[in-house]
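Below, subunit A partners subunit B and then partners subunit C, in two separate complexes.
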Partner chain A sequence: MPDAAVPVPLEVYRFAPGVDAAPTYRRYDLALTPHTPVLTALLKVRAELDPTLALRYSCRSAICGSCAMRINGKSRLACETPVGPELERHGRVVVEPMANQPVLRDLVVDQAPFWQEYERIEPHLKLDPRHPMPEGRPNPMTPAEVERFHDTPRCIACAACYSACPAVAADPAFPGPMALAKLYRFVVDPRDAARQDRLVRIQTEGLWLCLRCHLCTEACPKDVRPSERIRDLKEMAIAAQGPTEPGSRHAVGFASNVRERGTLQEAKLVRQTFGVLGMLPQVPQGIRIWRKKPEVTRRPGPIEGLDELERIYAAFEPKDGR
Partner chain B sequence: MERHEVVVVGAGLAGQRAALAAVQAGRDVALLSKLHPLRSHSGAAQGGINAAVGAEDSVETHIFDTVKGSDYLGDQDAIEFFCREAGPTVVEMEHFGTIFSRADDGSLARRPFGGAHFPRTIYAADRTGLALLQALWERLGSETLTLYEEWDVTRLIVRDGRVQGLVALDRASGEFHEVAARAVVLATGPAGRVYAKTTNAHSCTGDGIAVAYDAGALLKDMEFVQFHPTALLESSILITEGARGEGGLLKNASGERFMVRYAPHVQELASRDVVSRAIVTEVREGRGFQGPFGGYVHLELMHLGKERVESRLTEICDYARRFAGIDPVTEPIPVYPAQHYMMGGIGTDLHGATNVRGLFAAGEAACVSIHGANRLGGNSLLETLVFGKQAGVAAAAYAAGAPAPELHSTDLDEATAPLRAWSSRSEGEDPSTLRTEMQRTMEECVGIYRDEASLMEGIRRIRALRQRAERIRVVDRSGVYNLNLTDALETTHMLELAEVIVVGAYARTESRGAHARTDYPKRDDARWMRHTLARRTPEGPALDYAPVAFTRFEPTERVY
Partner chain C sequence: MRLAYYPGCVAQESGRELDLATRWVCRSLGIELVEFPRFSCCGSGFVDEANETLNVAINARNLAIAEGAGLDLMTVCSTCQGMLTLAKIRLQDPAVRAKVDAVLRPMGIDYRGTSKVTHLLRVLVEDVGLEAIRAKVRRPLAGIKVGAFYGCHLLRPSDELQWESPEEPHAFEDLLAALGAEPVMYRGRVLCCGFPIQFVKPETAGRIAGRQILDAKDHGAEAMATPCPLCHISLDAYQAPAEKLVGRSLDMPIFHLPQLVGLALGANPDELGLARHLVPTDAVVAKLAPASR
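So, the complex of A and B:
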């Protein structure tokens, strides 16, 4: 049951681009019970201390996706992050706007880049005119079919994953975790006719730029697990089209050359990933490596117990066309 | 100046559906909302959408249940149309891509809901609103229309009894814009935030209802405010009726299933007004639990088993765990009623048309009326889609034949002068103080139970707050994302509507549906089988009354 109020030092990022020379952090000292959400704390600041603080919020129950921000460095929803555990871990509550999106004011970011990525994956059902929807009744769908994507609408487009993603920060060509998780939703939908096109397109449009760091899944407040959906997309893309991109060739090559020798064959993997001609730009790098650590560029011999490894591979081999 | 044929204000389910219909009719359409469409409060709807598609069920039964649920204040012609549209509407949403939960045979799964004879509520786990909102937004994405995202409507421009457009504030730039329109559809949702305890989002401030009222539109049945029986204690976050639909039980402090006494036939699945009053009565008569956040009762799901609770009530588990520190798989959830829904709103006909030419309304901002004095669970999502489409179709047809809008060079200045005055004051009233006092007043004076004394007191206090609001002051002088300014705007909107609610409740000397007068505990069909209509005057709302449409069901006493 409710606990006593404790002092909460709140340090909030304040910045008006074009007005302020640089962002500042303003400190507000509040007394709150530990289970108080950060959003409630910020609204208390607005109501009682400083009505000029700008932030987005609406539902206060983790369903509208408005109040994602960085709290002690982590991208989260302010409405469902209690101050208590933050104080225990960090001694204070530092609140900053999400990353990877330009700041409009204080905690409000311009989400246009995020929404553009969402639009880019064409987030709507594409129908095949040869297979119209059943007249006057719903498409039948078994619970097992629905199971594959029943939870995908849990995504509330809060952009916490987009803020947490280092690939988004590094490469504008990467659509970001949310857009890819949304793409998964359409790829597995039995009503969608563009599955193959979608998979082929995404292979060249950023799918393989994911760094597999899983920070999106850690940030996601709704357990959408974008990194797992990205992994699913990669598997489906290879199955649909084969390894046509450096990213997918790297994945397939990695698996095959470990299977062959029980260890990574670096030089061979470069060839597998980029192709013979594609290796040319890598040559200077190869020479540098060969000078420093020549053993890396040599083909390793098979490890002991390779037969055991083969059994592991065989166990994971796709069966019955799956 | 922006210029469109049809401008839809509010981008939740009703607004989006209206926009889709207007685009499909070939009109140039703009969708304007203070939130990104996917952040609309429609997404918070949990339980489901009603459609009598089961073999044992029938449209007739859906009609009857809705009429009875409305305590006979719903217009039966509208309800008939509404229930007939239910099946096609759900099928259309499935075709748009909604990911509904399924039964083993591949059909749409259904769950029982309060006030319904049969399991009629089609759902997507306990996030039906979100699943529908996403599917509709995705469907709308393949059409061409203009989106004004994070724009607040501040005034309608009406000339010669006809809508000419509106004025809106762009939050990102802080600039006011005129938007010329032949037809305007208001789908801005409810004003639940007039109450202190509400399941509604912070954004539910009734902006569209307030600007319509200001422009001369009649507000209908505003005194009918639904309190949801099961809101999470302290935060008032909604715990879906689906939790009881799945078999959840309500118990008082002695572990008694008290609903057996109030609704012997259907117990927990009685209509919402009945269950809410039962909970309040249990607590008032000392049979509830008591804690620092007031009295409450228990909602038990433990007997349903971990698997069922976690798969069918996923969000509820999250809410209870994150916002109350309670695991519904092993512990009861502390609940108490909170404001949830407004049956009233901008008065419209079956086509969403208001008494102002060119002005249409749909969804919770509107009152057709199909919910009458009390809405059944599962009917509001359906309403947004059925009547959103109606309003969009009608607005498009009207716009096709309407003269080009006429805006004057002084319109923008005139419309924004009061708002600019707020920012030029060196002293004045703080919007959040006024808002807090209004919310407390509504909670204390116009809650679940009302009587003459409390309502008199409510009128006095709200009028005093309205006077103070004349001197409202905005201290934030920045143009960009000025929430101090939007707070002031929303607060003045809500104070207008609070007055209409309390004045309407004072005048209605009977108890019907969600309007429970302890001094007039009986329904009085002879005097009050009629809709309240409120028109804005400088002295406050002027009330008038209109008949209820009857087609087939004569009123009888409502027993569950």
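So, the complex of A and C:
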């Protein structure tokens, strides 16, 4: 027996820039079974209640990546988000366009910034001319080499991660999770000859602005886990070039800072990251903090068993030629 | 209840008020905190960026210390909790485990994965229980509108942490309500405080912190509370620069989680180190009635 229809209050963001003074939320009351996808609900609105609603969609099967939008605040695909659980948690279904991209109309955003970041990482194989593709067959990879991709080839470029990312929202210099996950895919590809160049370049082109908040990993409908691949890129970039940027200096400096005493020496870390001159802009706020919390300049520790920690560090520090 | 207390670096230094308040609250709730001077830093996510296996190994050592005493390990920092939990998960991979064991075992350190990693917030809500806490409230935080700020690493990655919904968590709000406060719901409560890039690009970090504070303020919060001392640094110690970056007055007192619990259980502000904050908490404290006996 089919599930019974339940009342679904759908509140949809409506905005035509240049026409409307400000965005509004229009409410449509539908009756749908709980497993109905939000996309189906929106198409029903457009077919039966309001033909002016603008939205982007295509396959309805979570393959094309066209229908990403914010549903009750979370960036996700409308075609694979049933209304039932949303109603249970929120009592209504609020649908808004993706964030971090300008609205063209209603639920349709201008994806140009997202695609520009994608193009910037040069998402194509740069084959090594010294190792041409074997004639008549694709360049083979071992299963272990394929495993290094993790789930990055599954990315459908829906931009849900880009919409969810607070670093994208706060700083145009951050390429966004999708572009970095794609970059990772080429960096670990054994056929790609540009690994070193790619890693060196990304160090100055936003890699270190990732907050590792994992909002992208939560948003991703394909479990690409961009935040984890960005972490991998950071470690590979340090191995490729050493700590050249504030971000990599902070990571490497943090590790060596803790190695000395087993616990963090806070003020020293700021100096390690910015250098003596670079930390000057930090000084006024640093003094305000120090007045309330004088321990920031203290040299804490050492912990008991520091020798054990040292042996762990020594065992896992990068070996030459890594 | 006995727990291995993992205070983390910040609570032992610039964030000592968190340690002070934690000890006060645990004393008053009968939670025995067992200390281990052998614990090292968890790596705070930064060691993980530089060297993933090293990060797992130093936390395997931390976990083994608690295991040796047969105790679960309690943090007071979302990030420490996240790093220690992450290490446990990574150590389920036999290849990682073998690499780490090969270094730890010869030193007589035997990681087994038997101790649970938890956080003060979870201990209060799940182990002590809201009823027991409600019964001990001597100074209800009545009429105080508080925005809980979870910090990323208590919630995400949710499939690995296996705790509350990363989108609609409620443990912190439930606790605030049990203390008599009025929890404020706002989107920013599950977002990032900006701390990880505070020392990479301070102006971006400040904008992110400022946005979350504004979001709480615009939803009516007169104070915020956090279970993470790193969030506290971003939201309190760096609130002045954040205010300039978002171009609006913030003036938002930021409490460590156990400070609010302590106030409700009858502690005085000195016992909780409230004077150590950069943004004064006086206006909130002044609204509270004297503690009952």
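Assume the second predicted complex is superposed on the first by the 299 of 322 C-alpha atoms of A that agree within 3 Å, B and C clash if a C-alpha of one lies under 4 Å from a C-alpha of the other, contacts with A are read in each partner's own complex, and residues count from 1 in each chain.
Criterion: contacts are C-beta pairs under 8 Å (C-beta built on N, C-alpha and C of every residue); 3 or more make two chains touch, one makes a residue touch a chain.
Only a predicted model underlies this, so the values are computations on that prediction, with no experimental measurement involved.
The superposed arrangement places subunit B and subunit C next to each other on subunit A without a clash. Within the superposed three-chain model, A:Asp189 lies in touch with subunit B and out of touch with subunit C [touch as defined at top].
With both structures placed on the common chain, the touch criterion links A:Cys64 to subunit B but leaves subunit C unconnected.
Using the contact criterion defined above for the overlaid structures, shared-chain residue A:Leu30 touches neither subunit B nor subunit C, since it reaches no partner. In the superposition on chain A, contact is made by A:Pro246 with subunit C only, not with subunit B. Shared-chain residue A:His150: touches subunit B; no touch with subunit C. By the touch criterion defined above, A:Val19 reaches subunit B but does not reach subunit C. Touch criterion met: A:Lys74 reaches subunit C, while subunit B stays clear of it. Between subunit B and subunit C in the chain A overlay, the least Cα distance found is 16 Å. Shared contact residues of subunit A, touching subunit B in one structure and subunit C in the other, are absent. Residue ranges of subunit B in contact with subunit A, taken from their complex: 35-36, 38-41, 43-44, 88, 90-91, 94-97, 99-108, 124-125, 127, 130-131, 134, 138-139, 141-142, 172, 201-203, 234-235, 237-238, 291-293, 314-315, 318-319, 322-323, 325, 430-432, 436, 475-476, 478, 480-484, 487. Residues 72-74, 89-90, 166-167, 169-171, 173, 208-215, 217-218, 225, 227-228, 231-232, 234-235, 238, 245-248, 250-252, 254-255, 258, 262-264, 266, 269-270, 273-274, 281-282, 285, 288-289, 292-293, 295-296, 298, 300, 303-305, 308-309, 311-313, 315-318 of subunit A touch subunit C in their complex.
Residue ranges of subunit A in contact with subunit B, taken from their complex: 1-2, 16, 19, 35, 37, 46-47, 51-55, 57-66, 80, 104-106, 108, 110-111, 115, 119, 123-125, 133, 136-143, 145-146, 149-154, 156-157, 185, 189, 191.
Within the complex formed with subunit A, the residues of subunit C that make contact are 9-10, 12-16, 37-41, 43-54, 57-58, 61, 103-104, 107, 109, 152, 156-158, 165-168, 187, 191-192, 194, 196-197, 199-202, 204, 207-208, 211, 237-238, 240-241, 275-278.
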